[in-house]
Each structure stands twice: as structure tokens, then as C-alpha cells.
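Data first, discussion second: the structure below is written as C-alpha cells.
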Amino acid sequence: MKDINVAIVGGSGYTGGELIRLLKFHPHVNINQITSRKHAGKKVSDLHPNLQDVDLKFTDVDDIDADVIFSALPHGVSMNIIPDLLENGSKVIDLSGDFRFNDIDTYEKWYGIEHKYPDLKAVFGLPEINRELIKDANLIANPGCFPTGAILSSLPLVQDKLVDHLIIDSKTGVSGAGVTPTNVTHYPICADNVAPYAVGTHRHMPEIQEQLRSFGNYDVNVSFTPHLVPVTRGILTTNHSFLKDDSLTTDDIYELYLKKYADELFVKVLDDNNIPSLNSIRGSNYCHIGGINIDENGHLVVISAIDNLVKGASGQAIQNMNIICGFDENESLKHLGLYP
Amino acid sequence: MKDINVAIVGGSGYTGGELIRLLKFHPHVNINQITSRKHAGKKVSDLHPNLQDVDLKFTDVDDIDADVIFSALPHGVSMNIIPDLLENGSKVIDLSGDFRFNDIDTYEKWYGIEHKYPDLKAVFGLPEINRELIKDANLIANPGCFPTGAILSSLPLVQDKLVDHLIIDSKTGVSGAGVTPTNVTHYPICADNVAPYAVGTHRHMPEIQEQLRSFGNYDVNVSFTPHLVPVTRGILTTNHSFLKDDSLTTDDIYELYLKKYADELFVKVLDDNNIPSLNSIRGSNYCHIGGINIDENGHLVVISAIDNLVKGASGQAIQNMNIICGFDENESLKHLGLYP
Amino acid sequence: MKDINVAIVGGSGYTGGELIRLLKFHPHVNINQITSRKHAGKKVSDLHPNLQDVDLKFTDVDDIDADVIFSALPHGVSMNIIPDLLENGSKVIDLSGDFRFNDIDTYEKWYGIEHKYPDLKAVFGLPEINRELIKDANLIANPGCFPTGAILSSLPLVQDKLVDHLIIDSKTGVSGAGVTPTNVTHYPICADNVAPYAVGTHRHMPEIQEQLRSFGNYDVNVSFTPHLVPVTRGILTTNHSFLKDDSLTTDDIYELYLKKYADELFVKVLDDNNIPSLNSIRGSNYCHIGGINIDENGHLVVISAIDNLVKGASGQAIQNMNIICGFDENESLKHLGLYP
Amino acid sequence: MKDINVAIVGGSGYTGGELIRLLKFHPHVNINQITSRKHAGKKVSDLHPNLQDVDLKFTDVDDIDADVIFSALPHGVSMNIIPDLLENGSKVIDLSGDFRFNDIDTYEKWYGIEHKYPDLKAVFGLPEINRELIKDANLIANPGCFPTGAILSSLPLVQDKLVDHLIIDSKTGVSGAGVTPTNVTHYPICADNVAPYAVGTHRHMPEIQEQLRSFGNYDVNVSFTPHLVPVTRGILTTNHSFLKDDSLTTDDIYELYLKKYADELFVKVLDDNNIPSLNSIRGSNYCHIGGINIDENGHLVVISAIDNLVKGASGQAIQNMNIICGFDENESLKHLGLYP
């Protein structure tokens, strides 16, 4: 397999930094461009001080030419540049929300902007549901961080239409809010705190719901409540539901998960149904699942843990690239979590 | 009102320290004894380094004589000493779980021990439901930390029988685990982490359920999932449910909460239904409620925030003492939260 | 003593919030105005969510009339309004750096701005050195947060001219950076991190040095290195030096500190020379001192701990107000630290 | 180069976990044994939940046979097993303090135990001073975490005998205290706190001093003050001193560091003398150096940052293994820091 060139558009944020960190030693990849309109000319290590050994400077956004292009631009901005990149023959993996929705009305309602390219369709880049489609895709919509954790915790339930309504209670690290300081990410405010936000109004809700409805082929409902917790990386998803069939046991459900993910490289259903936590997947592309339990009132819990910047963003984007390019799916993603 | 003497039994832990911190400047209270079998003879400030100005030593547990006695002993231990204290004519406020259950079978099932005094009944010391009973009580079972946050977030719903099942997803600070170091409370493990635990098996579930069933006078079900978060103090409760009457709006529910708690000193339903967070009630006896929302799928969220060591333990115990003794209910509890 | 009216100018920041939190239950004080040009008209609790029970709105900065006025404005801004306030007969306690320097050249060099009122002199409001002068002052320059911890850890050494050079290595909580979010205070950057900054260039260095030279009446040198640590409140000062007289022992120095601070309400030299830490003084006006040690190479360490927002700012400002007004020096400042 | 077998003795702690995390994908290494007397028979992932893909169980300590053996046992225990391992022909890299001292009296004084093998000499495994000796060593004493950061921040100063006394003020993450929970590592105590400890009495002081005296060939003095900070990984070292030659400038010293470390793979003197911080080296084997400054009072600061579990322990041990075995020195150590 010969080398490919990749470019990262909008590389000054956390997902940009993670793409570089992970791709730096990819045996088949050459990073030939990292753009940042704002920081063009600066060394990459000026913004990503962990990347002292990366000898590259940010460039402006013109003349991007690469086999695979990662767009780490914000939604609304990303959609503007992607059609041209595709026309030039590049494969594009978009980390924004712009092409995640099949239903454009849903996108426009929840994102509050008009979609300029409603006819341009992407493959939703969650390998655990779309691996075959990803292989031949030119445009990947890389899933949102919350949806990655939520959907992976739900697939076996939805596949067999076992539930009507999923209540997703998610706890996210602060890096999910991005690189720009705000009141919400100010250390004295978010340290030693738990802050629910966007209660009932977060745009990852319709993303989860559309994907699960498509996957399960029925109108499963999703409710979603995110919480900001004093953690840098990670999303812990607590998935609450009631089974339609009350004869199913905790063991039955656990077996369902084991079977579903038996061949997945990055989704680990924990031995003995152990409970996942964020400290075990930090910095890695793994999703841990466990803590499955049906209580005496018939209520089911399933828990998943991911690193929002890796499996929830840049790691998954590289996983998609590996699939597209025919590389080993875990190439440059073999890092084990940093524990403690 | 003349002064009273109080004693704290089992005063070396965090709830003991909080009782002293809060009672130190109570105008009607003299702390005349703080016991600790293990640390008898040591200065109180050796274990509670914030209490440099408290000139008291721990004593052994014998000869406790006070008008009001706080027991901060563990469950199973607390029940052994309380009958004698009551017989001596003291009022007792028990911070353990030993006397919280009306149904002794439930206690014995969930705590895994035999109850030695099944006929000794206490008043469940949540002033917001039992204020009148507390006034005349000799024995108060001070509520658990999770139940305090969970019940206060549920009362208006249960009072009007609006819901059949409450899904309580709680996030607790690590001080709730007490003063003894364990693997779970080891800094490298619980920092930068979210760790669900006791999924479906936590003994605060039946406490919440028994109280809500008694208060609402119907068989409401409760499911409870606790999470350990990297916070020192605080419990953030996310209360998920579905209304039986789908004509009710978010505003209707918000009004219900406003009305229910209008006269409460310590329960604040936030203006404009703002979302509570832990950093606003740190160190105080307040419970903040807000973030009330019904989403497009008919799912209701209500959020509450308390300091687990204050409203969730020692502050509430002092509130109970104030009610019993006829002091102002907020005497020595006027502290505003430490923010940031 | 009859009640006084106080105003807080620039009350939307952390020191403003702390002034309100602490003054709210002061028996002799009525807060009659809190100004914020930016937030005029908003409720105080909109910016300080811990102050739900404070029924006040921010006003604009005009027509300030109070017996005592706290200025919590930034340096450079504060100096502009103070002369008029004094002329109206108010006592002013300025929390900025504008009037802390006797030597105006030093101020102008380190703050990089021209001083408009070089002839207006304030009393440096550290009660432990200037209590008598404070009683009669009209204008108090409230000390900086680092200088408070550094000077209190140095006084006994400088009083007896025991050292020529003090190396102050300070670790500060992030609330010291104020209420405005920046890259430096962004949670993902400052969590799980230690970040030295302003190495050799921080303007609290000349403040410490001027005060110690004035107090000791000799040219003691000060070097100062601040570090940002993932803590919300607190400054831990590690004071390194070499004694000129190498016959002095650790015990001698410890005795010197005990004697110096024997009558101080808020400076506690810890029993048995225990080592201070930030968790014991959180939210309180105390300064803990201890950990005094001379090693086998003749190097002396002294450690102090304060809450930067209380003894390092608003608590000390209230202490100064109490002294000026003849109230008990610890009125409304009796809070014990929040531990844990 | 053909594969080697390695064993890890005492693999249940954090340094054991790090050795496995880093060695897992080393192209020339096969981990054939991981011992733990206490946990023999358990899966490695039961104790290191990040290592789900490591299919190994802990064994008892008998019959260890490997080309290279890492001992991650505590000091005092490690020394007992090492002579036999050496006799069997294995190379041994000891992560304890047992063989770090050339002067046995110093060891016995500071560690408080008798050394059983005073004649068995190891090479102090800091490649930046002993690379040539390491190549041929059979026994490596892997440096302590504090000494690694302190020595690397001092070498250029000591090499040219520029200073007489180094004042090392270090801030360490809590993982340095190991895997066993104690009061000191209890989350509610060490979160939101800075805690100096072992002031003037920490046994890494003589380790630093002996190494610097040997390297510089003169009697340089070292004073050392460690602080526990609420960080999981990392040691930030602030190195204070006074230059004997006061004509030297900050630029001169910066150039000295640049030159000294120009060819080192893992020691990075930051561009433009930027200030290091812990978040840039997390999880990596890098040591960042910078923030070099001489203030107006002639006081010099140099700052270094390492990950205590990697360059301060397991990463450096693998670096030593690579040198001994003739592998690329950075094999399996190319990880960039996890930022944020």
C-alpha cells in the first residue's frame, strides 16, 4: 500500500490537535497540510504544545490538495468548502454536523441555518453500523461525540426493537466545548461542579434519534440530557429504558451486547458486566460498555464510556480513513487508555 | 430562649466536622462533647484542620449527656446506642440509615443486617414534608444525602400523582463516601473520571421510594442510578419521568414547583427556571431546583442541587434541631454558598 | 455603634461577590449599592448564583453615597473614581493595586501606566503590620493576594533582619485570575496542570519587596515565582531563604512565629509546626503558617496558606472596614474553612 | 535484532501498568510474565482497566526467566530478589530506590533500612548523563521521579559549576504516591488543595545531590521541597539558584540549555524559552525545559516538566532497555503528550 497525503482543514482546535497526534506515526500517511485562517504562519506547536516534534506550520485554507481531507471546521462553515474538495477528487471526512442528517428539515430546525447543499449526501461514519458503506464513501459525516456514545450503548436494544423510548443521560468532559474560552468553561466555574445544560434542546438528540430510527427501522424515541462535568476528556453515557418484554433478564441483555460487539476492535463489552468509567479509555479509541442492569421495577440501565476527542471525534475519523483506504482499521489507533 | 447543650457522637468524620463548623457560632447552642472511640484524647483540630479555633478534644463514648445528641455513627452501630440516649431524656438526631425505614423488612433486605429495635420509630427528618411531626419528635432519622436531593426534586410531581415512575440519575461528590480512603476515592482513580456504581442496588433507592409512596399515598416506582464525579461536595439530581397527563406544559410544572416551595427557607426554585449547578450551593443548606423541561417526546426533566454534607446531612440535622428546639429554622445555617 | 451604609463599586467579579457573601449578615452593615456598568439593571443573583437570597440589582456607577465604599474595579480604573469619593466624605477601601505603592516610579514601571494622583497616599491595609494606621485612614490600599500570603510568611524574618533574600514560590488558585475567561483559565488547559507564569516579571514582586523593606527597615531582596494550579481558591506560599545567623534552629524560628502572631485573630501558626494546606482555610479569612524547617544545607522553608478571595482580598477588606469603624475585627468573618 | 522476552515483577501498581501500556506494541519485545504476589491468578485488566486487550494474568514471583526484567517492587523488597535474577543472566532494571546510591551510608540514613547488598553496584539510569555506561550495564537503578525532573533542570548549571546551591521546589501529581489509598491521596483531601510534605526530609534530596555532585565534580548543595498538587500525572520542577558569575544573562543560560540538549530525543528546551507546563507532556516520555529567567535581584529560575510515570519511571525504564538492547532509543516511546 503506498502512502497517502492528508490535509487537516481547521487544525487549530482540539480535534485538529488530536488528528495530528494520532496520525503522526501512521505508517501510510503523510500530513502535508494543516490549515488555520487565524493562525496561518505559526508553528503547529505554538497552539498544540504537546506537538514539539511536529515540524509543520499552519497554512491558509487555499490550494488544499490531498487524498483524504479532514474538515475540523465548525458547522455552517464546513459545508461551504466541502463540495469543491470533493470535486477535486479528494475523499472528505467532515467532523462537523453539517452532513450528518438525512432529513434536511431536521438539520435546519436544530442548527438554525439553511443547508446550502441539501442534495449532497454523506455516509454517517459510525463503522459499527455503516462499515460497508464507509468503504466506498467519498464524503463521511463523522458522528457527534454524544451520539457515538449514545448510539453504541443502544444498538442491540434497537436492533431487536426491544424498547420504545431511550432516556440518554450523558456526562461530558469540558474539551467537548472546544478550544475557545467561555463562561461555561472557565475553570473556577466548571471545576468542582456538575452543570446540566441544553436540557431538552441539544442538537445531538435528533442526530441520535435519526440514526437509531434508521438502524432499527421503527420510530424509537430519544430524550437526551447532557451534563458538563469537571473532566477534560470523556463522555459517560447512562442509557435508561424499559423493555417491552418484561421476561428478559439482565443476563439476556448482557449476552445480546456481547454478541453484537464480539468482532469489533474498539467496542469492548466488559468482562463480568463490569461498570465502565472514563479513566479507562482516556486518550484511546475504545468504547467500553457494561453496567447493564434491570432493577426490581423493570428499569434497564446500560452504560458506555468513550473519549470524546478520540472515538467521539478524531480517532473515529481516522478509523473511517483507514476503512476507506483499506488500511488496518486500527492503524495508528492502537493506543491503550492512559490510566490513571 | 435559653442555651442547650449538644453532643456529637462519632465526630471524626466529615458530617461530624460539618456539625461543628456550623454549630460553632449558633447563639443558643453549646457543644459540650464530641466523641470518637478511635481518636479519644486528640484535639478536634487534629482531624478537622479547618477548626483551629475549636478548643475541644474528642472523648470516648461514655457518659453522653446533652439536650440534643447528634449521632454520626455508621448504620448498624448507631442503632445500638440510641435507645439509651432516648431513655436519658435526650432528643436524638441520627444521621445514619438505621431508623429511616418504616418498613423494617425493607431495611433488613437492603442493609443486610437485622434491626435490633424494630419497634422504635423515628420521624423522617425532611422538614419540607414532616415539619410538624419534627417539632415533637424525640428521635429524628436524618435523611440520606441522595434521598434529600431526589425527594425534593419529586414532591410536587408525587403530591398530585402526576407520574408513575421516577428515574433518578444522581451525580455525587466524593465526600459522600466518607473519610476513609478506598480504591474508589483514591485521587488518581476518581479525578478526571465519572464512575457509575451500585447500578440498581443502592440502598437509597428504597428510602426514596418509601418516602415518596408515603407522601403521595400511591405506589409510585423509583429507579436510582448513582455516579461518582470528581467533585468534593454536592449532589446533582437529574429526575427523569413521563407525565400521565400529556396536556401539562413545562410552565405548568414550573408553577407547581414555585408554589410548593414558596415558603421554604432553603428550597429555591430558580428564577426563570434557570438550571441549578453544584457551584452555587457549596457549603450552604440550600437546595436549588430548576431546569424543568418537557421535550418533544413528552419526557420531563427536573434538576436539583444540594451540598451532600449540609442539606444532605449536617445542615439538615441542625435544621431539625432548630425546629425541635423552637429556634429560628435557619439559625447558624444562613451561610450563602461558596462561589466560585 | 449605629449601622453604616456601604457601597461596592465594580461588584460583578469574584471579589465583589465575596464582599456581598460576607457582608450579608454583618450586624452593623447595610449594603445600599452595588455597581456594575456592564450589568446595571440585572439582579445580583444573575451573576452570583450563590446569592439567591440577596434582593439587590446592580446599578450604574453614578451617585455613590455610602459611609464606606469598596472599590473592586481594575487598577487604572479604580484610581479615577477614588478622589471624588473621598471628597464626598466616604472612607474608601480599594482592592486594586493603584494605591499600594509608596514609590510611584515603581508603580508606573511595573503597571505600565501613569499614575494620575501620585500625591494621594493610602494606608497599606495589612492589619498585621498597619493596624493602628488603618484605624484613622480614609483610603486603604487593600493588599494583593500574593503579597498577603508572602508578607505574612516573612514578617518575623524581616523584623529581625535575619535574611537578605527571600525566594517566594507561590501556587495560586484560578479564581485569582478573575471572572473573565481566557486561554489560561480554560478548564481543559488548567485542569490537571501546573503552569508557572510571569517568571521574574509579576507586579506583586515589587509590592512584597516595598512592604518588607519598609517594615524591616533594610534592603531585603525578594524574588517571586507564581504558579497557576488546578485549585479554585487559595494561595500556598513556599518561602525559601538562608539565615544570616547559622546558629538559629528550626525551633528558634518556629518560636519567633508563634510569638509574632500570638494575638492575631486570623493568623494561625499551626500546632507542632504542622504543614499548612489550602483545604483548611477555604472560604475563611485565616492565614495558616507552619512547615518551618531548616535543612542540613542551611536552607529555611516557611509555608503559608490563605484563601485568595478572602484574606487575600474581600475578607481582608472587611477586616479593614471593621477596624476603621470600630467594630469587632472579626465581625462577619468568623466563618471556619470549608473542609473538605 | 531478534525479539526479547521481558518480565515485570510487581506489576499491579501504576508503574507496572505503564510498562505494559508502553511495551504492548514494542516491535522487539514480548512480555512473557507479569507478577503480583497479591493478585496472582487475576487478569491484568482486572487491575489495569485500560488494558482490556492485554490477555495476560498475574503470576506469582517464582521462576522468573526473561532477557530483561523490570522490578517495580517497593524499595527494601526489590533488593532481595535482584541478585538472583542477575545471576540467572537477566538484565535488570530496578524502579525502586535500592540501588540508586553510590554511598551506602546515605541510602541507609535516608531510607532507614540496612542495605543487604552494599557491594552490588548499578548504573544510575538517566540516559542524559550515563548513556554510555547504560549500554553495558547488567543492573540499572532507574532514577526517582523527582530526581529526573530536578537533575535534567540542573545539568547545564552544574556542568559548568555555575551555582553553589540549588533550591528545588517541586509540584507532583498524586499518582506519584502509588496505587494504595491513604489519607493523603483521598480525593476530598487532595482535590482543590496544595499540600507541601516531607519539608527538608524527602529521600529524593540526597539522590539529586549525589548525582549532581558526581556529575559536576564539586560539592554543590541541594535543598528540596515537594508539594502534592491536584494533578494525576506530572512533576513540575521550579529550580531556584543564584549564579556565581553575575555577568551571565538569561540568554546565556538559555543558550547553554539549548546546546546541552540539542541531540537529546526526549529533552526539549522550548522555543523562545517558553514556559513548560504539565499538560504538554502528559503520557509521554518528554521532559520540557524553559521559563529560564534571571530577575533584577540576580535570582535564576529554570523550569522542567515531566510525566512522573513515564520519563519519571516506566518510560525511562524502557528507554534504558532500548539502550541496553541496541534498539532505537525511542522505540515504543514515540507517544506525543495528551493535550488537553
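Should a chain be cited, it is by its letter among A, B, C and D, assigned in written order, with residues numbered from 1 in that chain.
Keep this in mind: a contact is a pair of C-beta atoms (placed from the backbone, for glycine too) under 8 Å apart; a residue touches a chain by one contact, two chains touch by 3 or more.
Note that the structure is predicted; figures quoted are calculated from it, not measured.
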Number of steps on the shortest touching-chain route linking chain A and chain D: 1
Between the pairs B-D and C-D, the one where more C-beta pairs touch: C-D
CA centroid of chain C to CA centroid of chain D, Å: 38
Chain B and chain C: spacing of chain centres that average the CA atoms, whole Å: 36
Centre distance in Å when chain B and chain D are each reduced to the mean of their C-alpha atoms: 45
Multi-chain contact residues (two or more partners), chain B: 14, 173, 175, 188, 191-192, 230, 232-233, 277, 279, 282, 340
Touching residues on chain B, where the partner in the complex is chain D: 14, 173-175, 179, 181-183, 185-188, 190-192, 230, 232
Chain B-facing residues of chain C, complex: 14, 17, 21, 24-25, 43, 45, 48-54, 175, 191-192, 232-233, 268, 270-271, 274, 277, 279-284, 286, 288, 334-340
Residues on chain A engaged by chain B in the complex (per definition of touch): 165, 167, 169, 171, 173, 188-189, 191-197, 199-201, 205, 221-223, 225, 227, 229-234, 236, 238, 240, 275-279, 282, 291, 293-297, 299, 301, 303, 305, 340
